[in-house]
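Two complexes follow with subunit A in common, the first pairing it with subunit B and the second with subunit C.
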Partner chain A sequence: MALRQHFQQMLADVERRLADEGGLVERAVDDSCRSLLTRDAGLAGKVVEGDRYLDLMEVELERLCLDTLALQQPMASDLRFLAGALKINSDLERMGDLACNVAKQTWRITAEPVPEFAQPFQELADAVRSMVRRSVDALLRRDAALARDVWREDAGVDERFRGMLDLCMRLMKSGRTGVEDATIYVAAVRNMERIGDHATNIAEDVVFIVEGRIVRHNAEARIAPPSPDGV
Partner chain B sequence: MPMTAEGPISTTTPTRLDPLQPQRARPTDDPSAGGDAVKIDVRNVSFWYGASQALWDVSLKIPARKVTALIGPSGCGKSTLLRLLNRMNDLVPGARIGGTIALDGVDIHDRKTEVEILRRRVGMVFQKPNPFPKSIYENVAYGPRIQGIGDRARLDAIVEDSLRRGALWNEVKDRLDQSAIGMSGGQQQRLCIARALATAPEVLLMDEPCSALDPASTAKIEDLIHELRSSVTIAIVTHNMQQAARVSDFTAFMLVGKLLEHGPTEQIFTRPTKKETEDYVTGRFG
Partner chain C sequence: MTASAPTPAPTTSPRFPPTARAPGLPLWLRISATVLGSFLLAALVAGAWIGVAVVQLAEQELEDSLAADIEMLVPAVRRGLTTNDTELLQSIAGGATARGMVRLTVILPDGEVVAESEHRLPIPSHRDRPEVQDALRDGRGRAERKSTTTSDVYVYVAQRVDGADGRPVGILRIARPKRLVQAFDHDVIRTMGVAALFGLPVAALVGWLAARRIARPLEEMTAAATRMAAGDFTHVPHSPGVGEAGRLGSALERMGRELSEMLRSREQSRAELAAILDSMAEGVLAIDRDERVLLANRAVAECLGISAAPAPGSLLREVVRLPEISTQLRRALGGRLAPEIDVTLPGAAGRVLAVGATPIGVAGAPGDDGARGAVLVLRDVTVVRRLERTRLDFVANVSHELRTPLAAVLGSVETVRDLGDEEPEARARMLETAARQGRRLAAIVDDLLALSKIETEGDQLERGPVPLLRGLRSAASAVAADAKARGVTLSLPSPEAADTIVLGNEGRLEQVWTNLLANAVKYNRPEGSVTVTVSVDTARRAADVSVADTGQGIPAEHLPRIFERFYRVDKGRSRDQGGTGLGLAIVKHIVVAHRGSVHVESRPGEGSVFRIRLPLAEAEPTDRPRGAVS
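Up next is the complex of A and B:
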C-alpha cells in the first residue's frame, strides 16, 4: 500500500476540483460570448447561475486546501501544489466573475452586435478559452513547457484586445454603432482580455508547482526553463 | 585510515586543538554552507562498525552559529555521523573511520587531539533526558567543576547563566537543591541542555532531543534552539521533518549511509533537487 494514501486522496480531490472549475470557466467563456453575440438572455442567465455555483466551489476548494495544509503538513512538490492550487482557485473564480460580466451585457445591449465586432470578438473568446483550457491542462499534466506556451499566448490576446478597442472607437465615430452598445462592446472586450490575464497567472503558478520557481512579474527571458547545469 | 578503540588515525596534516584559544571559524565560499563560516568540515568520511559499513564517503560543511538538521529514515547513518562529530563512536569496539572531520580547520581525529577538550567544545544532548541523580544545581555545576572551577561565586554565576540560556531558570531558581530526577521530562531535557551549555561549548549536537517530549516541551526546546543559534553551532538529528523545517537553517538528507542532498532548509523542503529527497520529505517513503 502506498504511504500516506489518505493524503494522496486529498491531493487528488483538490486536483479534480480544479479541473472541474476549469471546465466550468471554459464553458462560461464560451456561453458568455455566445449569449452576447446572439442576445440570448436565457443563456446569459445560465452563465450567471453557473457563476454562483463556481463561487461555492471556490469556497469549498479553499477549505479543502487549508484542511490539507493543516492536517497533512505537506512538503516540497505537495506544498507547492497546494500553494499553487489556492491561487489558481482564486483565479478561476475571478475568471467566472469576468465571464459573468460579459454575459450580463446581453441584458443591456440594444441591438445584435455588428458583424465587424462579432467576428473578432468570437476569435478573441476562442483564444481566451484556449488559454483557459491549456493552462488547466498544464496543471493537470504538470507541464511547465505548456504553461510557458500559454504565458506567451497572452501577448496575442493583448494584441487582439488593443485592435478591438480601436475597432470600437471607429464603430462609435462612424455611427455604425451607438455609444451605448459600443461601450458594452468595450466592456465585453476588456472582461474577456482580463480572463486571459488570469490564465497567464495560472500558467505562472504551474511553472512554480513544477519547478519551484516564482516567475511572476518577469520578462519572458526570466521564465526560460533552467539550464541543464541548474544555473 | 583506520580507527580502533584505542584511537583514530588520520592522514591529514595534524594541527593541535588548543582548548584555551578556540579558533575563529574561517569564511568559506562553499555554496552548500550558504557562504557562512564553516565550523565543522566533514570530508569524505566513511565509517564501519566492524565489518558493517555505516557511512559512505560523506562530505558536509556545518556552518558556524547556524542550525544544521540531519534527516533521513532509520538506519541512514545520521546519528552515527552526529556521534562522530565529538568522537562518541571511539568507544565502539571495532569501529573505524576514513576521511577527516575538522573543527575550525583542525582534524578532531588527530592523535594529539585530547578528546575531553573536544567534547568540552562540542557538547551533546541525547534523545532521552539523562540528568545525574543529583540536585539541579549540581547537574549544571558538574562540568565546570570537572574543568577545575571551584570558586562558589563563579559556579553560582555559571549555573544561573546556563539555566537562563536553557530557558529553565525561572522555573527552578527557588529549588536548585532539589533532585533533578523529580523534574518533568521537558524540564529534564532543558536541564541537560543547560548542563551542556555550562562548559561553554562552541558546538551543540542534539540527537532527537524532543522525541520523548510532549508538544509544549518540544516548543520550548525549539525556542531554545532559536535562542542559542546566535552563539552556538547546532547540529540536530530529528525524525520530525516539521521540526527540522522549523528550527534549522540547513538540512542534510541521508539515505543508506550516504549524504544525498544538503542545502538551505527552505530549499530542501520546498524544492529539493533529488527525487529521493522529494520522496522522503513528502512522506512517500520512509
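Up next is the complex of A and C:
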C-alpha cells in the first residue's frame, strides 16, 4: 500500500513538474514577444535566463520519469502517462528554445517593430500561448476533446503565420522596414509558429495518454474520437 | 491519477451507517405484544396453579366428607356386624345411598361383601382390593380406580371396624365417583377461561395504551433526531411526557436548539467571511499542501482574468501556471513568508499583479516540515505601476525639456563671450537665440508651475458663474496676431446669441481656451480656419464647447496620449513651433478640476475637434456643495 502511494506521489510529482514547465513556456512566449515588440533587451535576457532554468528542469524531469519507469514498472495508463510525459517534456524544452530564439532577435533588431507588424505578431503570440496553455490543460485534465481543440487552433495559427510572411514581404518591398529587420520579423514569426507545432505534439501525446492510440500521422483519428464499437 | 497526500487523508467513509438498524416492527407494537404475552403467560401459570390447587382441595374435601360419613356410620355398622344383622347392614347401605353417600359397602375381614348399596349380593370377594388391604392393616385405606362393576372412576375410602374385643369385625367402605369432583374442576377451568377471554382484550388495550404512552414520545424523538441529523431543525420536539422519556425529550429539544443555533451562527459567520472575502479588491487564495484550492474569493477571477474563481478542491496548477505564482506558493508551503513580487500577466494588456504568499499553520509536530498550506494574496497594481512609471517618465521628461533650451542659452552666451567684439551680426544672432530659448525656458517653468498649482488646487478650485463667450473672446484676441500671421480665420459664436453661463474659474477657463485656440492656430494649415461652437445639453446641465481646426490632424495611435505631459505627436516640429508640451495637459487638468471632460476627434489631413464639456451654472450664482453640481 505504501509502495503504491509512493508511486502515485511520483506520478503527481511528474505532473506538477510538467505543469511548471508549461507555465514557464507560456511566460517565455509572452515575454519574448513583448521584448521584441518593445525592444526590451533586459526582458530578452530574462527569457534566455528562464530557458536555461527550463533546460535544467527538463533534465531533472526526464531522470524522474526514467526512475519511475525503472523502479515502479507501471502498467497501462500509468505507463502511457510516463511515456507521454517523457515526450511532452522534450517538447516543452524545445518550445522554450524557440521562444528564446524570438527573444534573441531583440538584440539584433535595429528599430522598434512597425505597428503593422507589432499588432498581428502580438495576436500570433497570444494564439500560440493559448495553444500551449490548452495543451497543458488537456494533459492535466486528461481531456482528449480539449487536445483535439488544440489541433484545430493550430490551423488558425498556421494561417496567421502565412499571412504574416506575406506581410513581411510587403513591408520589405515597400521599404517600410529595412531588410535586416524584415528578416528578423520572419525569423520571429517562424519560431513562434514552431512553438504552436510543438503544442500540437503535446496534444497528440495527451490523446495517446487518454485513449492509448497513436494519432500522430493519422489525420482522421486526429479529428474523430474513437467510435464506441472500437472500430 | 490523483495526487496522493503525503500524509494519508483521514478516512471519510462513515463508520456508522446513517440508519443504525432496520426499523422492523414499530416500538408500540412490540411493547403491547410483550405486555399481552406476559399477561397470557401469567394467566396460564395462575390458571394452572389455581386449577391444580382447586382440584386437590376438592379431592381432599371429597375424602374428608367420605371420612366424616364413615365416622358417622361406623357405630351402626359395628353393631350390625357384631350382631351379624345383615338386614341392618343392608338398610344402612341403602340409607347411605339415599343420603347421597353414593356407594356403601360392608365387607367382612375375609373379603366377603355383606352389604352393598349399588349392587345386589352376592358380590365377589373384595379381599384383594387395595383400600381393603390397607384398611385391614392400618385401619384406614384409600384408593382411586375405575370400578369393575361400573365404568366410572371412583374414590374409595375404607375403614376397619373393630369389635369390642379389638379384633376387626369387618370393613366399611364408601365410594364416590370422581366424576363429581371432575365436573367441579371443569367448572373452575371454564370460569377461568371465560375470565381470561374477557381479560385478554382488556390486557391488550391496557398494553396498547401503555405502549403508546411510552412509544409515542420515543417515536417523536426518533423522528426529530432523524430530521436533525438530516439538518432540519424546524421541528424540534417540545418536551413530551414525563419521566425518562420526558427528560430525554427535553434534553433532545435543548440539544436541537443549541445545535441549530450553533449551525446557524456557524453558517452566518461562514457567509460573513465569504462576503468579506468577496468584497475584497485583492484576490485571496488559500492553498493546501497538495496545491489544491481550499478557498478562493471572487477577486481571484478578476485578477487572473478567468471566468470564475477556482472551485475548492481543484488543483491550482489547473487554473494558473504563472511561474512566479508557483514560486511564491512553493516558498510559502516551505514555511517561509513570500513578500509581494510583481507579476506581469501574459497578453497585450500587460496587467501587473503584486503576489504575496504567507504560510498557514506551521505544524510543530515532528517530521512535519513546512506549512499546512499557504494563503496567496493577489493585488492588481496595474494602475499603480503605470502611475509610478508616469511619474518617473515625467521627471525624466522635465529634465530633458529644461535641459534643451538651457543648453542653447549656455551655448549662445558662451559663444558671445568667446567672440568678444568680433562679428557683431553673429553676436546679435546668438543673443537673440539665447533670449528666445530663455523665454522658452520661462514658458516651460510657467506652465509647470501652473500645472502643479492646478493639481494642488484640485477640488478646492474657486468656482462661480462664468460667461463662456467673454473668455473665448479674450482668448481669441490673445492668439489673433499669430492667426493673422498665418492667415488663419477664427470664428466664434455670434455675439448676439445669449451667452452661456458655466460654473467655473474665469482665469483658468481662459487659459483652457487660449491653449486650445493657440494649438488650433499653430497646427493649422496656412489659410485654414478655426471654428468654435457652443451648445447646451439641458438634460445633463452641461455646456459643450468645441474647437475645430483644419490642420493636419492627429494620427489615431497618438490620440490616447496627447493629454500627457510633454507628449508630442511630432517631436521636432512642435518644439520648433515653440510649444512647451504642456498645453493640453494643462487643459485636461483644468477641465477635470471643473468636473468636466475633454475629448478629441481627429482625421489625419482634415483636422481635429476638441470638445470640452463643462457644468452649467445654477440659477443662483453660488457654488453649491459637491454632488449638487453634475
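Quick note on the criterion: the second predicted complex is superposed on the first by the 224 of 231 C-alpha atoms of A that agree within 3 Å, B and C clash if a C-alpha of one lies under 4 Å from a C-alpha of the other, contacts with A are read in each partner's own complex, and residues count from 1 in each chain.
The definition used in the following text is that contacts are C-beta pairs under 8 Å (C-beta built on N, C-alpha and C of every residue); 3 or more make two chains touch, one makes a residue touch a chain.
The structure displayed is predicted, hence computed values, not measured ones.
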So if we stack both complexes on subunit A, do subunit B and subunit C clash, or do they fit?
fit
According to the stated criteria, A:I202 is in contact with first (subunit B), second (subunit C), both, or neither; which is it?
neither
Scan A:A127 for contacts with subunit B and subunit C and give back first, second, both or neither.
neither
Who contacts more of subunit A, subunit B or subunit C?
C
Where the C-alpha centre of subunit A sits as vertex, the angle toward subunit B and subunit C in the overlay (nearest 10 degrees):
80
Go through the superposed model and pick first if A:V48 touches only subunit B, second if only subunit C, both, or neither.
neither
Using the touch definition from the top, say if A:L140 reaches subunit B (first), subunit C (second), both or neither.
second
Quick one: classify A:D78 as touching subunit B (first), subunit C (second), both or neither.
both
For A:R27, using the defined touch cut-off, is the partner it touches subunit B, subunit C, both, or neither? Pick first, second, both or neither.
second
Which partner chains sit in contact with A:G212 here, subunit B, subunit C, both or neither? Use first/second/both/neither.
first
Just to be sure I read the superposition right, which of the two partners does A:L64 touch: subunit B = first, subunit C = second, or both, or neither?
neither
Least C-alpha distance (whole Å) that remains between subunit C and subunit B when both complexes are overlaid
10
Using the superposition on A, tell me which residues of subunit A are in contact with subunit B and, in the other complex, with subunit C.
77-78
Hey, which residues of subunit A end up touching subunit B in the complex?
2-4, 7, 73-80, 211-212, 230
Partner subunit A, residues of subunit C touching it in the complex:
1-4, 6, 8, 290-291, 315, 317-318, 321-324, 326, 346-348, 350, 557
Residue ranges of subunit B touching subunit A (in the complex, touch as defined)
241-242, 245, 269-273, 277-278, 281-286
Please give the residue numbers of subunit A that touch subunit C in the complex, ascending.
5, 8-9, 11-12, 15-16, 19-20, 22-24, 26-27, 29-30, 34, 50, 77-78, 81, 115, 122, 126, 129, 133, 136-137, 140-141
